[in-house]
Amino acid sequence: MFRKILIANRGEIAARIIRTCREMDLATVAVFSEADRTALHVRLADEAVAIGPAPAAQSYLSIERILDAARSTGADAIHPGYGFLSENAAFAGACKSAGVKFIGPSASAIELMGSKTRARQLMQAAGVPVVPGTSEPLADAAQAQAAANEIGYPVMLKAAAGGGGKGMRLAASAEEIPAALERAQQEALNAFGDAAVYMEKAIVGPRHVEVQILADEHGSVIHLGERECSLQRRHQKVLEETPSPWVEQRPEVRQRLTAAAIEAAQAAGYSNAGTVEFLMDSGHNFYFLEMNTRLQVEHPVTEWVTGLDLVREQIRIAAGEPLRLQQSDIRPHGCAMECRIYAEDPYKNYLPSPGLISRLDRPSGPYIRVDSGAYEGWTVPIDYDPLIAKLVAWAPTREEAIARLRGALREYHVGGIKTTIGFFQGVLADPDFCSGAFDTGYIERWQRTRKADSNGAAEHEQAAVLAAAAHFLSNGRPKESRQQSEASAWKLAGRRAMLRE
Amino acid sequence: MFRKILIANRGEIAARIIRTCREMDLATVAVFSEADRTALHVRLADEAVAIGPAPAAQSYLSIERILDAARSTGADAIHPGYGFLSENAAFAGACKSAGVKFIGPSASAIELMGSKTRARQLMQAAGVPVVPGTSEPLADAAQAQAAANEIGYPVMLKAAAGGGGKGMRLAASAEEIPAALERAQQEALNAFGDAAVYMEKAIVGPRHVEVQILADEHGSVIHLGERECSLQRRHQKVLEETPSPWVEQRPEVRQRLTAAAIEAAQAAGYSNAGTVEFLMDSGHNFYFLEMNTRLQVEHPVTEWVTGLDLVREQIRIAAGEPLRLQQSDIRPHGCAMECRIYAEDPYKNYLPSPGLISRLDRPSGPYIRVDSGAYEGWTVPIDYDPLIAKLVAWAPTREEAIARLRGALREYHVGGIKTTIGFFQGVLADPDFCSGAFDTGYIERWQRTRKADSNGAAEHEQAAVLAAAAHFLSNGRPKESRQQSEASAWKLAGRRAMLRE
Amino acid sequence: MKLTVHVNGVERQLDLDKPSESGEPRAFSLEGIEGHADIQAIGPGMYSILLGARCFEAKIEKGDNGYSVVVGGQRFDIAVRDPRKLSRGSAAAAETGPRKLTAPMPGKVVRIMVEEGQVVESGQGLIVVEAMKMLNEIKSPKAGVVKAIPVKQGGSVSAGQVLLVVE
Amino acid sequence: MKLTVHVNGVERQLDLDKPSESGEPRAFSLEGIEGHADIQAIGPGMYSILLGARCFEAKIEKGDNGYSVVVGGQRFDIAVRDPRKLSRGSAAAAETGPRKLTAPMPGKVVRIMVEEGQVVESGQGLIVVEAMKMLNEIKSPKAGVVKAIPVKQGGSVSAGQVLLVVE
C-alpha cells in the first residue's frame, strides 16, 4: 500500500478523496493555485503545495508542477479526481516515468478512450453498439456539413478530448454548422487544450444511462449497476440517480447494458474505476457514447446503494490488490439520487454566481449526504467549475428518496451567492420527473412550460413582505443586507489591522 | 393515515421527527417554551404553538398545554420523542381521551414498564433474567441499607420513573447510602417529577446491550438487532454502536438475547417501537435492566444497518398498519456508530457549556449523518439537556466506521461553546476501545489513565502559538475573540435599531 | 410605521408596529388585511415568522433593486421605502436613450464581436464573457449604434462593470 | 514584532514578521527555532497555517486568561502579550487571602450548604448549581471561613458570577 497520496485536483472531489485517504491512514498532499490557498481541500490535507497562478493551464493542468509537488513531498501515488488531468494520458505516462503511481487506468487505456473517435472504432470492433458519426476530427465547417448530410440532421458536435458537456453543440441544419463548430472548438480548446471536434447523429429524446465498472490490474472486471443521468442542462448533468427508473422496468436491458460495459472495459484493457456512458432511445436501444476513464462526479449514488467507497477501491486497485468483490457480491439496495448544487442563478438564466459565501447551512439527518468543497466565509473563485456541492439522498424507494431530497433542499441555505437549490425544488415537485418520464431534453422543456409554484404563494408573499419590512426597519440600510455589511466589516478590520502593523 | 402530527418535544429529536413527517407529507406542529421560540424544531415545523415558560414542568411536561395545542391546531396524532412525556402513561391516556393518537405503546404498557419495580416482576414471571434488587421504592436510608446488606455491595440506586442515567447513584458501602439516596431522589424528582428510587445489585464490569424491537397493534413483534451502549459517563450513554462487538462474537448469545427482548415485549402487550435494555457480565450472562417505551436517542445506528426509518415505522404502526417486515426481512449490514455531542467542557470535568453558537461547521461526506437541533447563531439554553447533536458513521466494518468517525470529528467545529468533540477524538484513538474491550466503567478508567496525545504535539503547539500571535496582532484585543465581538456587534445593532424605532 | 413595499414590481401599502419590549407579536396591516406577526431574527438576514400558528422562514439578501427574499422555496424581489423620507429618484431609469450593458458576473472578456460606431440589431451578440469555464454571450437589448466599448479583449471585469454602450 | 507568549503556563519568546502586502509567508523565531509561516484567516478566529508544506488549522476562542486554541484536536491555553506595552498586573493574582468562588456556567443555585462565618475545610461542598439538569457541587479550594454568600438559593447565576467568598 502507498504511504502518501497527492491529490491533483481541487474542490469537492479533492476534499472527498482526502477523506478516504485519511480513513485509510494514508498521508495526503493537496496542491493549490493562487486562487485556492484557503480552499477546503487545502484545509483538510496533511500537506499542501502551491503550484501556480489561478488559471488552470498554469496550475492544475501543469504536469510538471504537480510532479514537482509529488517529488518534493515524497508522495508515492497521485489521485487525479475528475476533470483537469484525470483523463490525460501524457500525465499518466509522466507519473509512471517519475515512479509515482497514477491512481487510474494505464496511459494507453486513457489514450484509447480519450480519443472519442478511436474509442468508437474499438467499440465497433468489440461489438458494442455506437451512434452513427465521424471517426475523425472535423477539419472545417465544409467538411462538417458534408459529414452531417451523410449522417442526417440533427447532429451533435463534440470535443474529441472532452467530456462533461463542454465543447458540445447541436446543429439542426447546415446553416447552424459554422457557428456551432467554432463554439465547440473554442470551448474544447479552453477546457481540454485540444480543439479537435467530431460529429455524431443526435438521438431524438435520448436517455443518458451509464454503467460503473471496477477492474483490477489482474484482468477481473465487475460492474456496480447503472446510473440514470438524463437530467441535463446545456449537456451538463445536474441530477443523477441509481437505479435508472427507465432500465429498472427492463431487467433484460440491464443485463445487456452491463454486459456491454464490461466488454467495453475488457476491450480497452481497462483497470481501476471507470464509467461507460450510453445513450438510450425510446425503444431501449442503447449506443456507446464514451468511456470516462476516472472517478465520476456522480459516484456517490452508486456508493450508497452498494455500500462501497469507490475511492478506497481505486486506491486498493492501484496498489495492485485484486478485487475483493465478485459480481455476485454486488447487490444494490434502494434508490440514491444526487443534485449538483452549482453557484449559478436559476432566476438569471443560470449565470455563474461566484463570490463570498456569507452563510452556509447544510442539511443533514437520515440518509442525507453532502459532498462539498465550500465553507462559510470562503469565496467561490471565478476561475473554475461552479459545482460547489453534491446533495445525495438514499431511500428504499425512488419516491421516498425524492421526498427526502425535497426536505433536505428546504433546509439547505447558501447566503451571499446564488445557487441552483431552488431549481431542484421545482424539478423534484414536477409530476413528470417523479414518474420517471423524462429524457435529456426534459429540463429545457420544463423551463419553458413550468408555472410558478402557486402553492401557498399568498402566505409566502405575506411572510416575505413582513420579513423585508422588519429587516428594513432594523438596520435602515435597504441597499446592503446585514450579513454583507458584517462580512465587509470583518474584512475591513483585517485590512486595517495589517496597515496598522 | 394521520393528517397532522404534533411533536411534543424539542431539540434534535423534534427536528428529526419533523423531517420524516415532511417526507410522508404529514403536516407538523411544533410546541415551544419561551426559551425555544427560535429553536430549530420551530423553524422546521409547519405550525408552532407556545406552551409556556422555560422550565419543562411548565411547558414540555404540561399535558394540558400540549393537548390544548393539539386541539387548537387540529393535530390528530402526537409524537412524544424521548424524555419529557414520552414515557408518561397519564399523557398517553390523556391523548386517548382527547381523541388524539399517541404515537407509542398503550398507556397500560407504558405504566407497566415505567415502574421499574413492576417491570422487574413481570419479566421474572415471563422467564426473562433480571438483576437481583428491590421490587419496591425505598422509603429511607435505613431501609436502603438493610436491602443492600441483603443484596450485597456494591448497589445501584435508580429512579423508579427514570431512564437515561438520571437519578442513578452507586453506593459501595453502607456509609455511602444516605448521600447517594438523597442525590438520586432529588435528581429523580427534578427530572421525572417522581422521587421514587429503587435498588439493584451493581454488576461489576458490566456491558450495556439493548435490543430494538418493533411491534404492531395486531400482535406481531420483530427485533432489529442489538446495540452496544457500554460507553457511558455518569451512567449516561455517550457512544453507541451496532452490532455489539461483544455480542457479534457469540451468535448463540444474540439468539437468546433477541428472543428475550421479544418475550419481554410480548409479556407487556407492547406495540410501536421500543428498546429492551440488558446488562451483560463478562460471562455473557445478561439481565433485563428496563424497557424504554419510546424511540431511543441512539436509534440512528439501527436505522443505518437496516435501511429503515424508525419514525416512519412508528407512525405507520400508530396508524394501525400491520408491520411491513417479517423477521427474515431484517438483514443488518455493516457497522454504525454514534457519538453524542454534548454542550459540555471535557477539559473542565464536563461542566455544561450553554451559550451562543458563534460558528458551526458540521462534517458531511460518505456515510456520515448528523442529527442536530442546533444552528449557527442559536443560543443553547441552560434549561434543557446538553445534547446538541448526534454524529453517526456507517461502514462495512467496525474498524472503518471508527476511522470515518475520527475524520468527521476532525472536521466538526462548534465555536462559542465547549463540546465533547475533542473527548471523542481521544476515545476513538484508544486501542482498548478500538479492540472492543470495554465495559460501562471504561470511560472513568480511561479519563484517569489517559496520557495527553503527544502525536505531533510540538508541531501543533507551534502552529497554535503562531495563530494566536497573528490573531493578537490582527485585532489587538486579547480578551475578546473576533467572532464574539462580531456577534455582540450584531446583537447591539439589533438593540440599537429597536430603540431607534 | 407606514411603509411602501414593491413586491415583484407591484406596490403594496404596509403598516407594521414596532417590536415591543416584551416580544409580543407585532400588529400589521397589509393592503387592508390585518394580522399579528411574531418576527424573530435568527441570523444575519434570516427571520422566523409566526402568523398565528403558521411558521415561515425568510432569507433576505441584497438584490438588484432592494431585497431578494426567499420564503418556502419561492424568491420575491422586494423594495421597501419609508414614504416620509425623500424618494431618491428611484428604480426604473429611462429605458430610452443610451443603454449600458454591464457584466452580469465577474469574468474575463474573451471576445468582442462589434466595433465602436457599428450598427447593431436587437438580440445581436456583442461580447462574450467567460466565467467558471462557461461562455456567456451578451446580446444587444435594442437596435442602435455601439457608442462605447470601455473594456478590452482578454481583460477581467467585475460584476456590474460597463462592457458596452448602445444608443 | 516581538511578543511574549504563555502556552499552558510556560513562557515562550516569539518574534513574528508583519503580514506582507504580497502574502508571502511570514518569518518567525520561536524560542530560537526559525521558520516561515503562511498564516491565513479563514473565518472568525479560524486560521490556516502552512509551515513549509505542512498544513495546520487553528481555532481560537476567548479563554479564561487569554485564548483557547485548538490545533489537531489538542487544546492549548495561550496568552499573548506585547512586551513594549505596560503589563496590566497580569495573570496569577495572589493565591492567599480571600478566594472568590465563581459560577463555572450559567445556572440555578439549588442548594447552599454553608452559612456566612462558617469554618470550612478544603474540598468541602459549599453550594450546588444546576444547569442542563446536572447538579454541580462547588467545593472549597482551601480551609478557611465563609466570608460572604452574595447569591440566594433558587436564584439564577451567570457564568463567572461570584457565589461565595472563602478567606
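General remarks:
Note that the chains are named A, B, C and D in the order they appear, and that numbering of residues resets to 1 at the start of each chain.
By definition in this document, contacts are C-beta pairs under 8 Å (C-beta built on N, C-alpha and C of every residue); 3 or more make two chains touch, one makes a residue touch a chain.
No experiment lies behind these values; they were computed from the predicted model shown.
Of all chains, C has its CA centroid at the greatest distance from the CA centroid of chain B. Chain C has its Cα centroid 47 Å from the Cα centroid of chain B. Computed centre separation for the pair chain A/chain B is 39 angstrom, with centres defined by C-alpha atoms.
Annotation for chain D: residues touching 2 or more other chains are 1, 18-19, 41, 43-44, 46, 54. Contacts with at least two other chains are made by residues 359, 375-376, 410, 473-474, 482, 486, 490, 494, 498, 501 of chain A. Chain-to-chain contact here is organised irregularly, matching neither a line nor a ring nor a star, and falling short of all pairs touching. Chains that are in contact with each other form these pairs: A-B, A-C, A-D, B-C, B-D. On the chain C side of its complex with chain B, the touching residues are 1, 18-19, 23, 38, 40-44, 46, 48, 50, 53-55, 57. Those residues of chain B lying in contact with chain A across their complex are 15-16, 19-20, 22-25, 44, 300, 303, 307, 309, 333-334, 359, 361-362, 364-372, 375-376, 396, 400, 403-404, 406-407, 410-411, 473-476, 482, 486, 489-490, 493-494, 497-498, 500-501. Against chain C, in their complex, chain A makes its touches with residues 166, 183, 186-187, 190-191, 234, 343, 347-348, 351-355, 358-359, 382-386, 409-410, 413, 415-416, 422, 425-426, 452-453, 455-457, 459-474, 478-484, 486. Across the complex, chain D meets chain B through its residues 1, 3, 5, 7, 12, 14, 16, 18-19, 26, 28, 30, 33, 37, 39, 41, 43-47, 49, 51, 54, 56, 58-62, 66-67, 69-76, 78-82, 104-108, 130-136, 159. Those residues of chain A that touch chain D in the shared complex are 29-30, 37-38, 42-43, 45-49, 72-73, 375-378, 490, 494, 498, 501.
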